[in-house]
Amino acid sequence: ADLKLGVIAPLSGGGTDWGIGTQRGVELAVDEINAAGGLRVGSETYRVSTVTYDDQYSGQGGTTAATRLIEGDGVKFIFGPLGSTPVLAAQAVAAPGKAVILSSGYSPRILTPQGRHNFRVTLATPEFAPAFIGWLRRTNAQAKRVGIISPNDATGQSVVPILVDAYKKAGFEVVLDEKVERGTSDFTPLVTRMIAQRIEVIELDSSTPGDAGLIVKQARQLGYRGMIMQTGGPAIDEVVNIAGGLAEGYTTMEWFDAGSPEAAPLVAAYRAKYGKAPMNAFVPIMYNAAKLLFEAVKRAGSTDVTAVSAELEKLEGHPSLFGAVRWGGQERYGINHQLMTDFFIAQVKQGKPTVIDRVRP
Amino acid sequence: MSCAIPGSWKPISERSTQLLDFNGVSISYGAVRAVSELSFAIEPGETVALIGANGAGKSSILKAIMGIAPIRHGSIVFENGKLDGLRTFQVVRRGIGYSPEGRRVFAATSVIENLHAGGHILPRPQVPARLAQVLDYFPRLRERAHQASGSLSGGEQQMLAIGRALMSRPRLLLLDEPTLGLAPVMVQHIGEVIRTVQAAEGFAVLVAEQNAVWALKLAGRGIVLEVGHKKFQGRSQELAQDPVVRAAYLGTD
Amino acid sequence: MALLLDSDDAPSARWRPLARWAAWAAAAAALLAFPLAAGGFLTHTATLVLLTVIGAAGFHLILRVGLVSLGHAAFAGIGGYTSVILMMTFGLPWIVCFVAGGVSAAALALLVGPIVLRLKGVYFVLITFTFGEILRLIFNDWQSMTGGANGISHIPPPWPALMDTRAYYYLALFAAGAAILFCARLLASDFGRKMDAIRESESLAEANGIPVFAVKVIVFAIGCTLAGLQGSLQAHFIRLISPLAYSFQESLNFLVMNVVGGSNSLVGPIVGTVFLVALPEFLRGWVEYQFIIYGVILVVVMAALPGGLVELWQRACRWITSLSTRSGR
Amino acid sequence: MFTFAILSQIALNGITLSAIYILVALGFTLIFGVMRIVNFAHGEFAMLGGFALSFFYVSLGLHFLVALPIAAVAVGAFSLVLERVVYRRFYQREMPGMIASLGVSIALMYGGVALWGTHQRSIPSAFSAVYTIGPIFVTAERVVVIGVCLVSLALFYLVLRFTRIGLAMRVVAEDRITAEAQGIDTVATYRFAFFISTAMAALAGGLIGQLFSLSPFMGLMPLVKAFIVVILGGLGGILGAAIGGLVLGLGESFVSTFYGASAAQFISFGLIIAILLFRPQGLVGRKEG
Amino acid sequence: MSVLLAVQGLGKSFRGLRAVNDVSFDIREREIVGLIGPNGAGKTTAINLISGAIRPTSGVVRFRGADVTGMPAHRLARLGLIRTFQATNVYAGKTVFENVYVGTFSSRPSGFWPSLLLTAAFRREREQTRSRIEALLEDLGLRDLADTPAADLPYGYQKMLGLATALAGKPKLIMLDEPAAGLSAEEADLISVLIGRVRDQGVSVLVVDHNMRFMAKICNRMVVLHHGMELTSGPTADVVRDPRVLEAYLGTEHSVA
């Protein structure tokens, strides 16, 4: 028999990179299981395949893609979307109980007690921000004045308040909070503004890799000396690529330590299939999510949506690429559908991304 | 009909001196047949008038020579070189100047620049002198030299159009309704100008006109068209006397 | 029907009345039967097409007086947000919100129309572009009211029965039908002829006693109203509204639909919309190359059919008539 | 809080920005003026320019100031192919031309995706030096950008104003047939204008790639800016573009430094509307036709 | 005969250039007045000023007793003051018939809804209009061209069409800018007859043209402009013999046959 998995991700416009990461992550997991003879569920053995649709990072795109997967292709399991709006849209289509959605949007509204079949397989800002900023406080005690530069999009808008809150709690003062329209490429005015305000920490929040790189470059060129942090949007390689030598000291988080031994097989598989194109964080995340889903389906012994969701919840403790599975979110969202994983703090040292610490939210 | 004598000069074949040979040409726009199998010739330095009512095909003939209107059959030969198949700018470079119907000056560009455009094919050094010459022919243009041509009065625009055509020192000058919208005194003036310049530079003129009186004064001979066919042709005086022609094209009171 | 369409806009005008009636009947039947035959997703797409047609028709009207408004999508946004907010925050019945959606767009158009319509050609394009982007920014930044970039989700359908896509299809079909008939009549009426006159030569139209400016304002308002109504219907169909859907690129899409379909008859935007909403579906096979192909198709269509896709149809008609006349003798 | 140092810093940023906008806008307005085509693909030619530069400069290791013009010419040459197979059919036909060029734009953009992927990359700084003139930071990069723009601006002006081909372009723009009847080879004129236009876009693209970053999607920004600049200046050609560019560049720079990013958006849009209402023909524009 | 149009001290200057300078004249009912003058004298500008196409810098225009200075052209048209243009007078894309149909708007009840809803009354009225248009086309010999796109007409026919379109508006006063230009003598005569008939139906005419045969035939009076100023005016016969007019405008060769 055949099991179709759905992928919804931005495959055009700004977010395309992460979209492709998402798609590839799932595909790698699928290749793996098919190579192993397919997914056996009870007596059945399924050949797994994927259908991917572009959501153009938009709500309407999310609706259309989800409708098509569910109504058109009869898909029951969906990976992505990764923009807050499309996720909400897709969930609206899938409700009630038409499909399991393993998404990675940042918006807090993605997880609700009613959404029994919605899971989030990346850490969202509410989870990692306090931990990360706590680390910042520990490592440089004296810094005080923070300036945030974030994209003026769904993610930025829903995440910044959480960040601001986290910074305040950690005893920082958020002096500036700049929201940037998409497609901006000259950030010198903003940076100049930051310098004029004697900012000590520039926080790049969920800026796209490209923007982050540009901000770092332009800030350093204008003689900014302070910290540059990015709590979110892991993409240190691109930042180094764009800012070159000026990226020195840029600090961000990594979901995943591609250098670690557990990672080796995945990295190898990725290289084998996609060559030397940079492998961004969504590859391991979605690869991991797909494997968790397979496990849950196996255990459920069926592809029934409710049964599988139930089994996913029960995966607590199951070994995974990111260590033993932990579900969280009860206290914050009223449901334990947030996959909790450790994350890493990476910094550019002598022009190289280096993992300098490991943090548990 | 005293003047409807096709043989009033030698048949085309015997003439070698001719400047332009318009030979059995038909012009049609899609279904509309504007000119059918028309033949005539122009000799160096002479002036020929094309007269005829609206839609007779006068403009089409000039456009055909310029390679603007497509010709179906026949051929057009200028100084023993075929024109048909050439692009318009190539025709100009062969030595033909064209003042289009309705003036069509470059509205947004100044009078001077219009004239410069007219001199496009001249060797650069010759342009200033030629420009001065043309401005002498039309003092009014000198007054308006730097005004945007679009804001010129109708008549001023007509002068500009003719001046522009003269810039390239053509050996054959095609004028489509040059008196259109000109004040009588100006019509007269233009006539004189054309004669003087012609005398000085010896080019031939093919003029399409509604104002037959004027045209026949200017031209040595005339061709009267009717819906794409040659109706009469002959020496101007003869045509001017012909009752039928008078009635139809010169007007009666 | 024959009366309603006594205009240059009916490509079928050349036909004998009987054939015309038959064609209309067939078309109507096909449209009514569609959801029964097609699956959920196709119906979903078809509904989108129908809704988009409303806005595209509005754009067409404005185009017919020689103006391109890159703020069109933003007016759809005005309609959408108005109706959604009225319904979700003030709990008003849908029909009220729907009407309000149209009215608000109209009101805004009447407000800015007299100002922006002082500009012509590309200048008008720029000012509408700018105005539209400002609206988009407002949608995007006024978080307390519009939910910001996240927009507003879980929008209730007009009434519960319309949760079902098929049901909504019929609502959309009705709305689109009404809009098209209205536009067809408008263009066929004297007012329509005035519009065309203005497009050809404003000064001459003015001299012929046509109040050029007033006509433009009215047309702009009507066009924007249609956009507003589409916005409202679409928001309640997608059940989610967010600023991205109202950027100038969306307005540009309206332009593409009109020109690709054929910009000098109302059939154009209809054909264009169907084509451009359906096209990506056919291209989905080649995920990587779909956009390249899409772009190439735009070029090819424009090169082969300067008058837009309707030209195909017209050529076909001419061919048929030529056949029949030939066989006649 | 905004010291003189910072003000002059802002001004410098603004001028750099203006320089690029002007460069893009000139080509854009040229094509619109001469062929009556709103070339939506103009930004993509800038994009190609960026990647071409990175090829000649990074891959082949030519000197930056050599690679830049070569890249521009290369893109211009490539654009002539498109001119032949696509654009030529659409001259003087605004609507179809607009849509066709939109098609070209999309095709090129995603052609770029297919070739180079979507991740943003950069062209390593050719001039990493940072001068500090008094208190303000002047990166050599920006000096080069401004220099290149000034030079090409001057050249462009001289050509258009004082040469035959310049006049030819202007009259062809007005009335093709009559221009041809002056002995002007209009097809050649079109080709020339198109080449200049795309080459300048490519030049700008290279500079953007150097100053900011490269990606197949980078074309949108230049296009939108060019559009605004051209019309803001009034389709009055060079002077218009120059003034429009300065107004926009400096305006954006100052406003967003003083009032922050999102306010800047509103203010600059508001400004554009205001200008258009007071000068319906743009800052230096004449009435069309 | 009462005064229909009264122009007093009309003036317009373009960046210093005084195109029209303190011009005054009257037009009475059922009168054909010629406005002549050298090229660039300001005739077209004068018509633009009177018809509301551009605002005068000075002067007053009274039409049917009311001050209409600077009134938008479309309102003047509805009041019965219609003009034609020197250059383009046709909607190139429309057929001859459609052109004239547009012309009728200023003379018809332009209700939005009746025509939208195709009320019986409207349809009746439209039929009348249709036949009126056909009669008009008949008059100008455009009947056979009714369905030809205006763009394909030769220059002369376009002129005719422009006239037809203007007449379709049932003007009280019609201002014609060079109606005979580009017409053959025969056609010019046709037009002059037509204008005569129009006048007999109670329409006044202000006509600008350089075809003096034509002008002399139809004009009761003439106003002569020169450098934007009134050179002279009076009965045609006198004007065309006025030495100043001969010198400035008609030229030596001229003779009114």
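Residue numbering begins at 1 within each chain, and the chains themselves are lettered A, B, C, D and E in the order written.
One rule holds in what follows: a residue touches a chain if its C-beta (ideal position, glycine included) is under 8 Å from a C-beta of that chain, and two chains touch if they have at least 3 such contacts.
Molecules present, by chain and UniProt name: B, E = ABC transporter ATP-binding protein; C, D = Branched-chain amino acid ABC transporter permease.
Not measured: the values here are computed from a predicted model.
Peer 1: By the touch criterion stated at the start, how many steps lie between chain B and chain C on the shortest route?
Peer 2: Step count on the best path from chain B to chain C: 2.
Peer 1: Which chains are shared contacts of chain A and chain B?
Peer 2: D
Peer 1: Comparing centres built from CA atoms, which chain ends up most distant from chain B?
Peer 2: Of all chains, A has its centre farthest from that of chain B.
Peer 1: Select the chain at the greatest separation from chain E, using centres from the mean of Cα atoms.
Peer 2: If we average the C-alpha coordinates per chain, A ends up farthest from chain E.
Peer 1: Taking each chain's centre as its mean C-alpha position, how far apart are chain B and chain D in Å?
Peer 2: Taking the average C-alpha coordinate of chain B and of chain D, the gap between them is 44 Å.
Peer 1: Please compute the C-alpha centroid of chain D, do the same for chain E, then give the distance between them in whole Å.
Peer 2: Distance between chain centres: 48 Å.
Peer 1: Centroid of chain B to centroid of chain E, CA atoms only: how many Å?
Peer 2: Going by mean C-alpha positions, chain B sits 30 Å from chain E.
Peer 1: I'd like the Å distance between the centres of chain A and chain E, where a centre is the mean of that chain's Cα atoms.
Peer 2: Roughly 74 Å separates the two chain centres.
Peer 1: Multi-chain contacts in chain B: which residues touch at least two other chains?
Peer 2: Answer for chain B, listing residues that touch two or more other chains: there are none.
Peer 1: Touching at least two other chains at once: which residues of chain D meet that condition?
Peer 2: Touching at least two other chains: 110, 113, 262, 265.
Peer 1: Which chain E residues sit where two or more other chains touch them?
Peer 2: none
Peer 1: Among the chains present, which pairs are found to touch?
Peer 2: Pairwise, the chains that meet the contact rule are A-C, A-D, B-D, B-E, C-D, C-E.
Peer 1: In the complex formed with chain E, which residues of chain B make contact?
Peer 2: Interface residues on the chain B side: 29, 32, 51-55, 59, 101-102, 140, 151-156, 158-159, 177, 180-189, 210-212, 247-253.
Peer 1: Write out the stretch or stretches of chain C touching chain D in their complex.
Peer 2: For chain C paired with chain D, touching residues are 115, 118-123, 125-127, 129-131, 133-134, 137, 141, 252, 255-256, 259-260, 263, 288-289, 291-292, 294-299, 302-303, 306.
Peer 1: Can you check the complex and tell me which residues of chain A touch chain D?
Peer 2: Interface residues on the chain A side: 12-14, 16-17, 20, 149, 152, 176, 178-181, 183-186, 188-190, 192-193, 195-197, 208-210, 213-214, 217, 221-223, 238, 241-245, 277-278.
Peer 1: Could you please specify the touching residues of chain C with respect to chain E in the complex?
Peer 2: So the residues of chain C touching chain E come out as 3, 6, 185-186, 189-191, 193-194, 196-197, 200-201, 203-212.
Peer 1: Which chain D residues qualify as touching chain A in the complex?
Peer 2: Chain D residues touching chain A: 1-3, 6, 9-10, 13, 17, 110, 113, 117-122, 124-125, 128, 130, 132, 137, 139, 141, 208, 212-213, 215, 217-218, 220-221, 224, 252-254, 256-258, 260-262, 264-265.
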